[in-house]
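Worksheet for the structure shown next.
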């Protein structure tokens, strides 16, 4: 073996490792079979895949939690670097679970808008929606589990190709333009990512994340590759200033689709960025990169929140708030990679707290934002529009929906006892303890701005007015209940203790722990 | 051989010049023509780089089928006036984009001029495991064994792209035939070409799949050639575009990925697990997958070129 | 013998290349699409034909030689059809 | 200069030229073409890396070559989807010519 060449690891399949394959292959098979069966078949398949997928996620997460060990599966029995390994650590488990919960809720919710009665002919929008839903699920699970940078590229493309048609499902010129712009951004993002992948293969002869982390060195190849890949991934994550595509795309999709896009799809490229820096090339994180990523995050929080305040339409407001909430995620980079001398001050694992806090923010935002988009969808169905200024009396007309929307909003603001509160509190204390107080300021200001745009919705909606609201459609209680359940999930996350989560610690990148020492 | 370096330099220069032409062209038609030529030059470059499989794919898909899609689009857009606000960028945007693109180019150039020595490679490992599979073409081994999960997911990407394009049909036309490609008029020359070329092309396509296990070739290259022959027959009006709502079309689209997945799941019964092949049966199974995939790839590529269903195309 | 064969190849392939050059020059210099097509097709068909004939003696066997001839025939067919389509497209008003 | 270095420089040029095009080209169809050029440059880089890794009686490392084949198919699917979106957008905008719909987005979103 040549020097500097990656050699194989002594890895074997975990006993329940086959579940990792199922997590990806079940929805992927659903896509292929849906096209074949057509009509109601797609909906039935999605409904059948949903409980299976949730069960797989639960078993995988439960196993990792109990055993405290990551899972591995070598596809076809081939060892990396020649073959591809699927790996699940604590982070993967959390993401698998979040994905399963949100997609499960979207499935139940979307039966109301895309369900076909028995014996009905195949129709365009329902078939495409259910196929894309399974495509999103398969792509996300592949992003959480694949251990190879090129497989991750294919996984990202799986996400892009299932996300874009959701945007233009209604076929209007505005959404078509949004979809086209989203596609172009996403494609440039993937091609930049692929360019970095090529450079890494040329430099180190492997694309396996673990093998790469053993051989990578802080040198120009790694640095240029990392910059290109990060730029590409940020375009896909819609981090400021590459966010231009997001609001029209997320606001244009049908509510269930918006929930998928905002809650989950943008997180795929984010997690990949995290894995790239923290797992594959931690030695490069100290060249000012973490501060730069944090600064872009801060700009996103402020910019996104201010623009959300100025929106006249509810869905656009929620979409701009996604830009802001994505910003918080990037505080993970400076806060979870602080050097040892900064974190030992109070004798606590502040990097670990920031790590858990950042991931909590991700999960809390996913559940809260999905609930809010679906609530907005119900409001739009009931009223026939989503103009915030005409929401007078909405609180009385749709109390359950408004409650769900409000609970989601509490999480965005970071009010206790929501998941968003726990997440932001952990990031806040980590920032203070590590002496990086400037992030704390942004977190607080972002919370105030979020309160501002939530207030703009609730002020008219809860105002005591005499006029009874004219509702176009009566929204069924069951759909409102689904949305409320998801919002309550976002609340329940607030019961998490303010310390590093046991599950997220499993397989936490050595860099984060080693730096603390 | 002293001609080699000159040829390489010529190809590299020509490819770069064509790229500049495509990007700077004022008119879309010229840009598209330039792009097709660019694809052909690139496939020659791939031959020079010793990648015959890639050269075949680039010529068939990167230049051929992509060119068909782009040319069809540019003729349709030609008639319409531009609707997307085509504001030219300001001087500052241009300066910034030149600077950033130049930075990326410079970084890449610096890296390719100072390669790692010795260059890392997986070729020996890939070659060492081939006898176990019984196939002679390492690329087939990678696409259908070592990294087969990539290929499987990429098939799903193709299906999603097709569903995405179909989703752009109008509701009333859903499940109907796509509009036929080309000008819509019968033409003697085209009919002759459509009669003579497809039989030859079909033989060539099947041959390329068949030898793919041991020599350059495989499902994509063969599938793309078959798709091209189908498109040609459709352009010559020797056949009608299919009614995409029919179960037969759906079956043709889905059969490849479904066979692939089914053989993958059957692997759970073996020690190697998902997508592993039983000892001694690897090659026949790989050929079964390739044949099913080729068929589906040909149909899907053809349908991707045809685009969404259109109403009133039934004759 | 082999010198003679090589000489034959060199002469014919060079002649073919000259025709290609002429065709390309015509494509660039002639005023309208139809004359350009005229220059292109005449020169290219002849040029390719000369190159194929020139290469025939170098072929490894009957089969390889046959392949070369098939390539030429296919190029003729495709070239003729493409030319006609382009000509028709330019002849269309508008 | 070795053929690998030569084509390596070519790929660097293609990526740069393509990126410039994706940013400044105002026409969507040409943006799509520019994206394809960045893609071709990226694939060519894989080819150069494969060429340098020639070993074991192979003209190049087959792993990056196989990745390029996968990538080419994905790039084609992307082009087809983007073109289909563009054509439908033209249809819709052509229809709504008489009564232009208000843009759904803010001014901030209409970038270059």
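By letter and in written order, the chains are A, B, C and D; residue numbering begins at 1 in each of them.
FYI, a residue touches a chain if its C-beta (ideal position, glycine included) is under 8 Å from a C-beta of that chain, and two chains touch if they have at least 3 such contacts.
These figures come from a predicted structure and were not determined experimentally.
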| item | value |
| --- | --- |
| Chain whose average C-alpha position is farthest from subunit A's own | C |
| Pair joined by the larger number of C-beta contacts - B-C, A-D | A-D |
| Centre-to-centre distance between subunit C and subunit B (centres being mean Cα positions), rounded to whole Å | 28 |
| Whole-Å gap separating subunit A and subunit C, where each centre is the average of the chain's CA atoms | 57 |
| For subunit C paired with subunit D, centre-to-centre distance based on mean C-alpha positions, whole Å | 32 |
| Separation of mean Cα positions, subunit D and subunit A [Å, integer] | 26 |
| Sites on subunit D at which at least two other chains make contact | 15, 19, 28, 32, 41, 45, 48-49, 52-53, 63, 67, 70, 74, 77-78, 81, 85-86, 88-89, 93 |
| Per-residue multi-chain contacts in subunit B, two or more chains | 84, 104, 108, 115, 119-122, 126, 147, 150, 154, 157, 161, 164, 168 |
| Where subunit A touches two or more other chains, by residue | 82, 150, 154, 157, 161, 164, 168, 171, 176-177, 195, 199, 201-202, 205 |
| Touching pairs among all chains present in the structure | A-B, A-D, B-C, B-D |
| Contacting residues of subunit B [partner subunit C, same complex] | 183, 187, 189-190, 192-193, 196-197, 200 |
| Parts of subunit B lying in touch with subunit A, wherever the complex brings them together | 84, 104, 107-108, 110-111, 115-116, 118-122, 125-126, 129, 145-150, 152-157, 159-164, 166-171, 174-175, 245, 247, 250-251, 253-254, 257-258, 261, 264-265, 267-268, 271-277 |
| List of subunit D residues in touch with subunit A within their complex | 15, 19, 22, 28, 31-32, 35, 38-39, 41-42, 45-46, 48-49, 52-53, 63-64, 67, 70-71, 74, 77-78, 81-82, 85-86, 88-89, 92-93, 96, 101, 103-106, 108-109, 111 |
| Subunit C residues touching subunit B - in the complex, by the definition given at the top | 74, 77-78, 80-81, 84-85, 88-89 |
| Complex contact set, residues of subunit D against subunit B | 1, 3-21, 23-30, 32-34, 36-37, 40-41, 43-45, 47-63, 65-70, 72-81, 83-90, 93-94, 110, 112 |
